Amino acid sequence: MKADSQFSKEMFQKATQEDRNAEKIRRPSIKYWPDVWRRLKQNKLAMTGLIIIVLMGIMSVIGIYINGFDYRQQDYSLINIHPNSIHWFGTDDLGRDLFTRTWFGARYSLLIGILAAAIDFLIGVLYGGIAGMATRKVDAIMMRIAEVIYSIPYMLIVILLSVVFSTQGSGTSLFVLILAMSLTGWVPMAILVRGQVLQLKESEYSLASESLGATKGWILLKHIIPNTLGPILVNVTLTIPRAIFAEATLSFLGLGIQPPKASLGSLANEGLAGLPVGNAYQVLIPALFISLIMFAFNVLGDGLRDALDPRLRK
Amino acid sequence: MSKKLLVLMSLLLVVAIVITGCSTPKPEETPSETPTKGKKILRTNNSSEPGSLDPALAQGTHESWVLENTFEGLMKYDADGKVIPGMAESYKLSEDNLTYTFKIRQDAIWSDGNPVTAHDFEFSWKRALDPNLGAFYAFQLYYIKGAEEYNSTLKPGTYPDPEDDTKTITNPIEPSELEGLDTNGKSEEEINEMVYQKRLAAALENLKIKALDDYTLEVTLVTPTGYFPDLTAFYTYFPVSKTVVEANPEWAKEPETHVSNGPFKLVSWEHNATIDLEKSETYYDTASIKLDGIHFDIIEDENTAWQKYEGGEYDILATLPQAVAAQMAQEKNPELTIGAQVGTYYYNLNNEIKPFTNVKVRKGLAMTLDRQTIVEKIAQGGQIAATGVVPLGLVDETGKEYRETVGSLLDYNVEEGKKLFEEGLQEEGMTIEDFNNSNFVILYNTLEAHKKIAQAAQEMWRSALGINLGLENVEFQVKLDREKAGDFTISRAGWNGDYSDPMTMLDLWWSGSSFNDANYNNPEYDRLILETKATADQTVRFNNMRAAEKILMEDMPVVPIYFYTQPYAVKPNVTGIHKLPLFYPTLAYADIQ
Amino acid sequence: MKKYLLKRLGMSLVTLWAVVTITFILMHSVPGNPFAQEGKMPKAVYDNLQAKYGLDKPYTEQYAIYLKNLLKGDFGDSMKSRVETVNDMIERGFPVSARLGLQALVIALCFGPALGALAALYQNKIPDYISMIIAIIGISVPSFIMGTILIQFLARNVGWLPIAGWGTWQHTLLPSFAMALMPMATMARLMRSSMLEVLGQDYIKTAKSKGITKPAVILKHAVRNAILPVISILGTTISNLIVGSFVIEKIFGIPGLGRFFVQSIYNRDYTLIMGTTIFYAAILIIMLLLVDIAYMLIDPRIKLTKEGR
């Protein structure tokens, strides 16, 4: 890598273990997470987001037991009832209680959103990071592979996976859904991370660390990623709604969650039919909850970014 | 701001524009609202892009709705829904009920000004049957003697087995077929082709469609078929102009070269966007056509189409969103018509999987399904709870409604059904628990309406029988694949009749039918069906069909749910639109006040 | 640079070949068939159709024939439409989709980064919150709901714009807007966060301390350094926008290319699946190449070519 430079190899001395340690113990890492948490707590907006997420999580577990209806119990005498004191969110076109169904749906949507985002994050950051740090050749090959993966029609993959992994009656399982989404979903994240790495690996602190003998992996994990956590976190929070909608679109095409189970996306999709006939609440309530989840993750993501920002650490 | 950055951003944009093929989108030449001033243009939506506007290649309502206004067959339906002569002036039937002789009317003219002749019909029907055309609905012509044989002519050679890719199928050449062919120095492929051409020519020779002169067409059928004249009003039987098609095989692709013989002619076709028809001046009966033209949008989304109808952009809308149809029906909206349809919505039971092998289990399931509630509360489009497999809208030999003379063959009786179901399970050595542990599912393809009914059926069976059935929502093609492979327990199905005879439904379940996904097999039923097909005696036919339907509903291989209807909306200022059971609403006789 | 471009071009061909091959295998592994239909189609008719489209040949032969035609630029006949070839469909549908996509892109590019930059400059103040709210609405209402709501309220109830269809520029407004929301919101969020990173950097502080007035600092240094993440996502975003969206085109009745991506798979229209996939892959490859070039233009420290070192 340095062969072209006017400095010869002999002019440099390999850093000793001591130097490396000097770099490591610069700041005791034990204090890092409590510190982040302390600063996060001070951010009121982020805490609101966190509380909303925790509440949604709790409600998605217990919410379906609160008003005494079953998520699949149909009552044909109570079809399309607008929200009232018994059915707090109204009923759908099969007379099912939408309050219960909404929380049932929130369970799946949160699960899909968070898992898909987590997988995209892990693969995307790792892949993009490695490509960015690697030699030009490896980088080029890795990015071309990503191109191929991103170009293949992912509906085909979903259909195939759901056929391959379908045991009698399962249809498209949660596992298949998340697998299919993650199969191509990480590519934009990888491209983003690679771009950031390409830029930051030329920054002063990376060069400094490199000259101190740090390995590429060390620089990536300890210097570059922390410095680009902002865009990464933002992209992760944006992956959550994308996954929720991808699932909704798949349900729309017959490849999503199997009814009578529901997700917020599929509830919104079903509720759409109510829009022209004056039952807008059927689509607005799930849409509102998706927005709420989004709001919560966005402000939490922002707060986390601030809390993790190495420059703000004092 | 740094100049470079600005340059870069614009560069990205410019490149994106350049990539778009340097082709700016077509100038706005065809505004979607055709000028209607002074002209009576009926506006509506054809919900998907026709795959072709060549009648031989059409395969569904998205094509036929346009074709029925642009072409006309030997017979046609009049404004009251009666079959009357169209391109034919009259026809004669031979003593043996097999040979029809149609007299073509002398004033029938193509839209390019040439006369419609018997030769056009002969050419069109033979063309539709040509295996190389690959016409989807060719089998609609199989009533004609020699038609199936001609359409099934195979090219010699070796092919991969469609059922199993690792195997091959060989279609050999009989030594006698090589007689008279000069095969010296020819490659195998060339010989195969020569034999194929010979086979085609021989089959064509035996195809009994013949123009005796310019205005006389003679057709011989395989078996007496009383409704054959009705069939000639079906789109696969529509004629195409021999001279036009022979001169330009691509004739049907562009409005400029499209030639038809019906009340309207094609004037514009923006793919996936709009189709415009204009009154044809060459049509023999222009007097009874009041419209100056018909404008079709091609919009797939039902809700969007409904918004356009509501917004006054359509005069008639034939595909209503379910929720809208339900609401209109409830409000008794005068714009809504519940059109009759010949079709049945049903569930296949896999007759080869235990315990569905047991007739009591099948009947138990059928008896505990509350069809009335399904049509009233769930389907809500004016559908009629099924009382058998043969729907309403078909008449028997005495001219009475077939369904009414047969009466109801299906009961709703939870107690009796539960008893039967449990007895049946016991006979199969199963308990409810065993049943529930078998992970049986209702398989359906993705559509909101199917989903709702499947959920309701699941719930009804759960509460009536205490059984847990899963739901499995799969993509349409996957469902077809699994049905053909027998990889299902209960699956949603539906069938819309092709012709006005109960046979259009009953034909589905004889053991050799390709749509017998339930794998029903009853020799007595088969016998009745085959016998019915072979006779022209209407009394015998109908008695057989009634007996067959009764046997079918005793065995219950499928669970009928409802008879289809087609709700559609028409603006109050539009008159003359009506719906025949086998067709989409008829537009040709409409008038706008 | 020339050498780099040539190299990339060569690699693109390999990439395209990989896409063709994988898609070909995938699509033939998925159950179904272009001519499968509910109903009583006789075997003869089915066989005739298979033969007409060459599906009666072994897969290897079909693959070879397809590649051969592809080299000639021929995507083949659609198996569902007897009127248009796959080339026709792309040629007709793409300009429509691309126009909508470009309009959406312009909307997103005009407002997205600007909203984000504004939010960063006024972190935790009113403009930040406004930008956040706009972004959240943009992200959290899926386009199929947004499209339907826009039609219902802006077109049906108020009557400002045509309900759906294609023809005049007014027809393009609602769908472009509905398509623009998600990328706009994404850009705004990304821009905000990377702006905050940059604003915390020492060189900005140095510039400030040198007495440079605030707007000049921002424009000269911050935006340029912060735009990188936005550029990164532009590659996939532009590709996805200009080939069209299935949902938007369906809801707004637009005769574009986007619908074919889903329809072709639903119909198992093999040639159309291949055609749309290859076309999309080609656009994606070009866009990602442009993104790489953009990196080097924006930040001279980023080196992807040999000459760089």
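A, B and C label the chains in the order they appear, each numbered from 1.
Throughout what follows, contacts are C-beta pairs under 8 Å (C-beta built on N, C-alpha and C of every residue); 3 or more make two chains touch, one makes a residue touch a chain.
The structure displayed is predicted, hence computed values, not measured ones.
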Most widely separated chain from chain B, with each centre as the mean of CA atoms: A
Dominant interface by contact count, named by its two chains: B-C
Per-chain Cα centre nearest the global Cα centre, belonging to chain: C
Euclidean distance of C-alpha centroids - chain B vs chain C, Å: 37
Averaged-CA centre spacing for the pair chain B and chain A, given as whole angstrom: 45
Between chain C and chain A, distance of the C-alpha-averaged centres to the nearest whole Å: 20
Sites on chain A at which at least two other chains make contact: 159, 163, 252-253, 272, 275-276
Residues of chain C whose C-beta touches two or more other chains: 30-31, 148, 152, 266
Touching two or more other chains - residue numbers and ranges from chain B: 303, 307, 310, 475-476, 478
Partner chain C, residues of chain A touching it in the complex: 4, 45, 136, 139-140, 143-144, 147-148, 150-153, 155-157, 159-160, 163, 187-188, 191-192, 194-196, 198-199, 202-203, 227-228, 230-231, 233-235, 237-238, 241, 245, 248-249, 252-253, 265, 268-269, 272, 275-276, 283, 287, 290-291, 293-295, 298-299, 302, 305-306, 309, 311-312
Residue ranges of chain B in contact with chain A within the complex: 303, 306-307, 310, 321-324, 326-327, 373, 377-378, 439-441, 445-446, 448, 451-452, 454-456, 458-459, 470-476, 478
Contacting residues of chain B [partner chain C, same complex]: 1-2, 4-5, 8-9, 11-13, 15-17, 19-21, 23-26, 28, 30-32, 49-54, 57, 59, 131-136, 138-139, 142, 148, 151-152, 154-155, 159-160, 162, 165, 252-253, 270-274, 297-301, 303-305, 307-308, 310-311, 313, 475-478, 480-482, 484, 493-495, 507-508, 513-515
Residue ranges of chain C in contact with chain B within the complex: 30-33, 35-45, 47-53, 56-59, 80-84, 89, 91-96, 98-99, 102, 105-106, 109, 148, 151-152, 155-156, 159, 162-169, 171, 219-220, 223-224, 227, 234, 238, 242, 250-253, 255-256, 259, 266, 268, 283, 286-287, 290, 294, 297-298
In the complex, chain A residues that touch chain B: 72-74, 76, 79, 93-95, 159, 162-163, 167-171, 252-256, 258-260, 270, 272-279
